[in-house]
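For reference, the structures are reproduced in the following blocks.
Same chain, two partners: subunit A is paired with subunit B first, then with subunit C.
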Partner chain A sequence: MYRYDEFDRNFVNERVTEFRGQVARRLSGEMSEEEFRPLRLMNGLYLQLHAYMLRVAIPYGTFSSVQMRKLAHIARTYDRGYGHFTTRQNIQFNWPKLDQVPDLLAELADVEMHAIQTSGNCIRNVTADPYAGAVADEVDDSRIWAEIVRQWSTLHPEFTYLGRKFKIAVSASDFDRAVIRFHDIGLILKKNDAGETGFQVWVGGGLGRTPMIGKVFNEFVPQQDLLSYLEAVLRVYNMYGRRDNKYKARIKILVHETGIDELKAKVEAEWREIRDSALKVPDDEVARIRSYFAPPPFEQLDAIDRSFETKKFENPEFARWVTGNVVAHREPGYRIVNISLKPEGLPPGDITADQMEDLADLAETYSFDEIRATHEQNLVFAHVKQSELFELWQELAEIGLAMPNIGKVSDMIACPGLDYCALANARAIPLAQRISKRYADLDQQFDLGELKLKISGCINACGHHHVGHIGLLGVDRRGEEYYQITLGGSGAEDAAIGSIIGPAFSSETVVDALESVISLFVELRLDKERFLDTYRRVGAAPFKSRLYPEKLDAAA
Partner chain B sequence: MPLLKDGKIVNDSWLYLDDSIALPKVGAIVVSLARWQRDRAALMARTDSVGVRLTADQSPEQIKEDLTELALVAIEFPAFTNGRGYSYARLLHRYGFTGEIRAVGNVLRDQYGNMKRCGFNALEVKSGETEAHWQATVSNFSAPYQVAADGAEPIMSLRQQRMAATGG
Partner chain C sequence: MTRQVITANRLKDGLVVFLAEDGSWADSILDAQLLKAGSELDNRLVLANAAEQAKIVVGPYEIEVTETDTGDIRPVRYRERIRAYGPSTHADFARQDIPGHLTHLDDVSPVYFNGVG
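Presenting the complex of A and B:
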């Protein structure tokens, strides 16, 4: 993985010093909260319902055991002994004290971490495919390019006061594991006919109040021109994006209101002006960064390990975990292991300091000292020997992290909701907990197959409900928590925005309503069809009549 | 209003001329874009310098062809959170404008560093603010990650130079 050189190290240390000064001026009253707000936000510091919240960047979700141990230390020292992995491959701490934040950041800097641009109306921490460098279906390692974007976007002087936040994600595969189509800019690495590497560029995707699927602005931006193209898009957005209404300020609205062709023409015109400039990424620099992502020293192994097959045969629980959480690796004898942070009845994405330390040890032993965070609030060990899966599984089980539910109904995304967030209308975590208890039966979950359930506590959609196969959206109805159900969304390569199925359900009835939807799916599905495929085949009507039978009566 | 220009607090020798006020015979003046477009000939006939003040909705593309006639472009910040002006300054710099690029309106001290990097060389400050105040908030980054308008070598180039010097 990437390691700082002295330039990166100086930069991050200098950023800590700068923020320390800003905090001091705020604490002394020299700076008003209004003035401090954008400064603290662009360093990941939110003011929540009960306390400050600090979001720490994990660029493109890749981090080391040393960094994980530091996060555990921070959870214990500055928080209440836990952290929360987010949908942007970051981790957040819910209880730091303002006067301690500069020290916290200095500790992060010691292990090459920071909180730069994890919030605010700037280019946010860049995300990437969590299987990068391990999966066979990629064109290149997306992290190399995510790192190049990270550096270019870090404290970019021109794009620090944008109309709204700006999110960039990088992938290198036809399979979308990074929600590319719902980012302000989504980049997919491709090879052209001449065998050169470049990017298919998607612009104007996003969730929030007005969910939109991004549009392809350019089919192939050569790799050396990536930064000039990004700069052209950002400059056009910064100059023409709306500033009159924060809910209309994302680039998706600019694309929608201007029209794709006109906006694309503006971007291309700007790009022509700056393409042949110092923004070209030199091959040497690409090579330097690439060297950090060189494959770890894999052993030459057989594709099939007999002891592994025996263990699966002998131990059905292990076999189930392998089926549920383990996926193919491009090296023979290796596997990618997903570690679910959705144990039954606990808040999705939460992890204790003890678990962090244990995982740091396990990553060292089993996965070349490297951990990935996923946008679905889980973790990944990217390079585990097939022959060691059984030991790893046993050790994960001991620390409560062997839940085999990846992609199943209980592997929910949920935003922090009204338990923490100042914007929320309704709680998301307790609902997720109730659902995970209702579907505690793993046999049932496996029978249902892949079912992406996503919960947001308000219309800002941090829980990605628009792209859930089933989405739940918390709404406030005269002071009561209600939940709207959306069906048919997908954040993957078959991107779709879910449709609201009908009037919202009360907190008491929503889990029953969800169960009705799922039971109907079981009745209607053909063969091993996923929920999403059944829904796409039969449409919303049968689900509507199941959920709202009284409407049928009225119509009859 | 005092100015911070090239790092020093100075008095403003320019006069902002409201659209309704007649052109004075002498003195450097700054006019709105509308006034510039309306009274261009009269403004250019004067001996003293003229500048144009752009609102946040007026891109410098509209004065691209006029820049050789102008000694100053002022860019308005209606709110310190409205960052359009940063891109406007970059454009002016790219157009080869060598006059003063001035930030006016709602600007925070903490934004000074970024503004300089984008090509601003003057900004309005509140009365009573000293150079020391401003210098105290200028961030001390030894090297930035990006190329911008201030000519600072980005980290990527510094790495290249180091590689060349050490033979790889």
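Presenting the complex of A and C:
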């Protein structure tokens, strides 16, 4: 794992001291809310519906047991015993008190954590593939490059006051586990024919009220030129991006309005100017950062562990969890374990302080003291011995975290929605809870196969509804909660933006409507087809006529 | 009959508060002062804005409420009901001290704020 050097440590501590002074001046009345707001946002602190909310960064989603224990302590001491994992590998606390936030941040700094770059119009916390360093299909460990981007972006003087927030994600695989194509910049590590490492650069993706799939701006930026290329993109965005309307200020709008060819030409021109500058990433610096992400001391193990096979045979529940949540590791005898934070009927992404502490202990015992957060609001133990999966599963079951539903209908993304968020139009979490109960039968979930359901409580789309195989968007219809259904989206390598299927459903009827969609899929599906593939094959029409039969009658 | 109530978030801890008759800020909507739209409301908004200047609250504004048959105060908009009653997702976060608040942890199906009261 990355460890702070003296510069990092001083910087984070100085930031805490600075913010302590700002909070004191706010509380004493020297600063108005208007003056304070941008300062608190630079430190991840929002004022939400019921209370302040602090968003803590987990750079590229990797953190240690010590850090997890500190998060548990913070949940207990400064919050109400819970944390909430977000869709950008961060964790949020929903009830901190303003006067205590400086102490909270000082405690975070003790374990090399902070809330910088989790809000405001800056380059946000860089995200990465949660399987980085563990999966066989990657070109390189994406966290190394995420950390290099992190160091370049933190406090970058030119990009601290952008027109709007700017999100970067890094992956190193053909399989997209980091929603690369829906980031302002998405980076995919590649090897060229000469065997050199570089980046395929996607620009202008995003969700929100104007969802866009990113465009490939460069097929191969050599690794040493990564930062100069990023700087060129950011500079062009900062120069030409709109500032007259915050809803048109993201780079996706600039790409859309300017056109790819023209904007690419501007980026290339800028890049030519700065490519051979101090932004060249030196090999020794890459090596230094790489050393922080050195593989843990794996044992030489057989690819097949007999006791594991026996346990699976003897215990169908364990076998189901392995099928559902455990994936191949690049080292023989190891596996990647997904820990679902979507137990039946509970808020997606929520975790109690007790569970945090228990997971910290389990990570120490079973996964080299390391935990990953995923954008789907789950956690990952990246390096677990096959021979220890059964014990780990038993221990997870004891703390209610052995739900085998990864990628299934109940593994939903849901934004905090109107239960917490000041921007929301409708609630998202209670709807997720109702759906989770409706589809509680695991046999049914496994029969349905991969089905990505994503729920947002407003058009800002924090719940990624546009890229759900099925998406639900909460809207306010004359003071009542309604939900629009979109079908056919995907945030993965087969990226697509879902289409709105028709008029919204009331809160009372939306779960039945969802069930109609899923039942029709079961009727139409060929063999073991995924929902998304069936939808792509048959199109929207059958789903429309199932959901809105009265319209069909009217047309006849 | 609908009335107005003034609400805000308390500066120090961010929690939802309501302007009470004695000019203090109460944690519970049940202690809020019921106001008539017009000069009565406008006068109290002046006081509420002064409380913002005095760094007691952030962003005061008025909301519409109805009095229920049992005399409880209920916001008209569901957004304001969630603010007044707490999140509907955790029973232990909901305002159980407020009669008629809805808790939903055990049974998440009847979670509708609409038409209740």
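Everything that follows uses one rule, which is that the second predicted complex is superposed on the first by the 556 of 556 C-alpha atoms of A that agree within 3 Å, B and C clash if a C-alpha of one lies under 4 Å from a C-alpha of the other, contacts with A are read in each partner's own complex, and residues count from 1 in each chain.
Please note the rule applied: a contact is a pair of C-beta atoms (placed from the backbone, for glycine too) under 8 Å apart; a residue touches a chain by one contact, two chains touch by 3 or more.
None of these values were measured; they are calculated from a predicted model.
Peer 1: Look at where subunit B and subunit C land on subunit A after superposing the complexes, then choose clash or fit.
Peer 2: These partners fit in the superposed model.
Peer 1: Looking at the overlay, what does A:N238 touch: subunit B (first), subunit C (second), both, or neither?
Peer 2: So A:N238 only meets subunit B here.
Peer 1: When the two structures are overlaid on chain A, which partner does A:T374 contact: first (subunit B), second (subunit C), both, or neither?
Peer 2: A:T374: touches no partner chain.
Peer 1: Between subunit B and subunit C, whom does A:E273 touch in the aligned arrangement: first, second, both, or neither?
Peer 2: In the superposed model, A:E273 contacts subunit B only, not subunit C.
Peer 1: Who does A:G345 touch here: subunit B (first), subunit C (second), both, or neither?
Peer 2: Once the two structures are laid over each other on A, A:G345 reaches subunit C alone.
Peer 1: Examine A:E18 and indicate which partner it touches, taking first as subunit B and second as subunit C; both and neither are also allowed.
Peer 2: First partner only.
Peer 1: After superposition on the shared chain, which partner residues are touched by A:Q151: those of subunit B (first), subunit C (second), both, or neither?
Peer 2: In the superposition, A:Q151 contacts subunit B only.
Peer 1: Determine, under the contact definition given at the top, whether A:E35 touches first (subunit B), second (subunit C), both, or neither.
Peer 2: So A:E35 only meets subunit B here.
Peer 1: Which of the two partners, first being subunit B and second being subunit C, lies in contact with A:F7: first, second, both, or neither?
Peer 2: First partner only.
Peer 1: After superposing the two complexes on chain A, what is the shortest C-alpha distance between subunit B and subunit C, in Å?
Peer 2: Between subunit B and subunit C, the minimum C-alpha distance equals 20 Å.
Peer 1: State which residues of subunit A lie in both footprints, the one left by subunit B and the one left by subunit C.
Peer 2: none
Peer 1: Mind pulling up the subunit C residues that touch subunit A in the complex?
Peer 2: 9, 11-16, 52-55, 58-59, 76-79, 82-83, 86-90, 92-93, 104, 108-109, 111-114
Peer 1: Spell out the residues on subunit A that touch subunit B in their complex, using ranges where they run on.
Peer 2: Subunit A residues touching subunit B: 5, 7-8, 10-11, 14-15, 17-18, 21-22, 35, 38-39, 121, 151-152, 154-162, 235, 238-239, 243, 273-274, 277-279, 281-282, 284-285, 288.
Peer 1: Touching residues of subunit A toward subunit C in the complex: what are they?
Peer 2: Contact set of subunit A toward subunit C: 26-29, 33, 47-52, 80, 82, 95-99, 345, 347, 418-420, 427, 429-430, 433-434, 437, 479-481, 507-508.
Peer 1: For subunit B, which residues count as touching subunit A in their complex?
Peer 2: 56, 59, 80-84, 86-88, 90, 94, 108, 110-111, 113-115, 117-118, 136-137, 139-148, 154-160, 163
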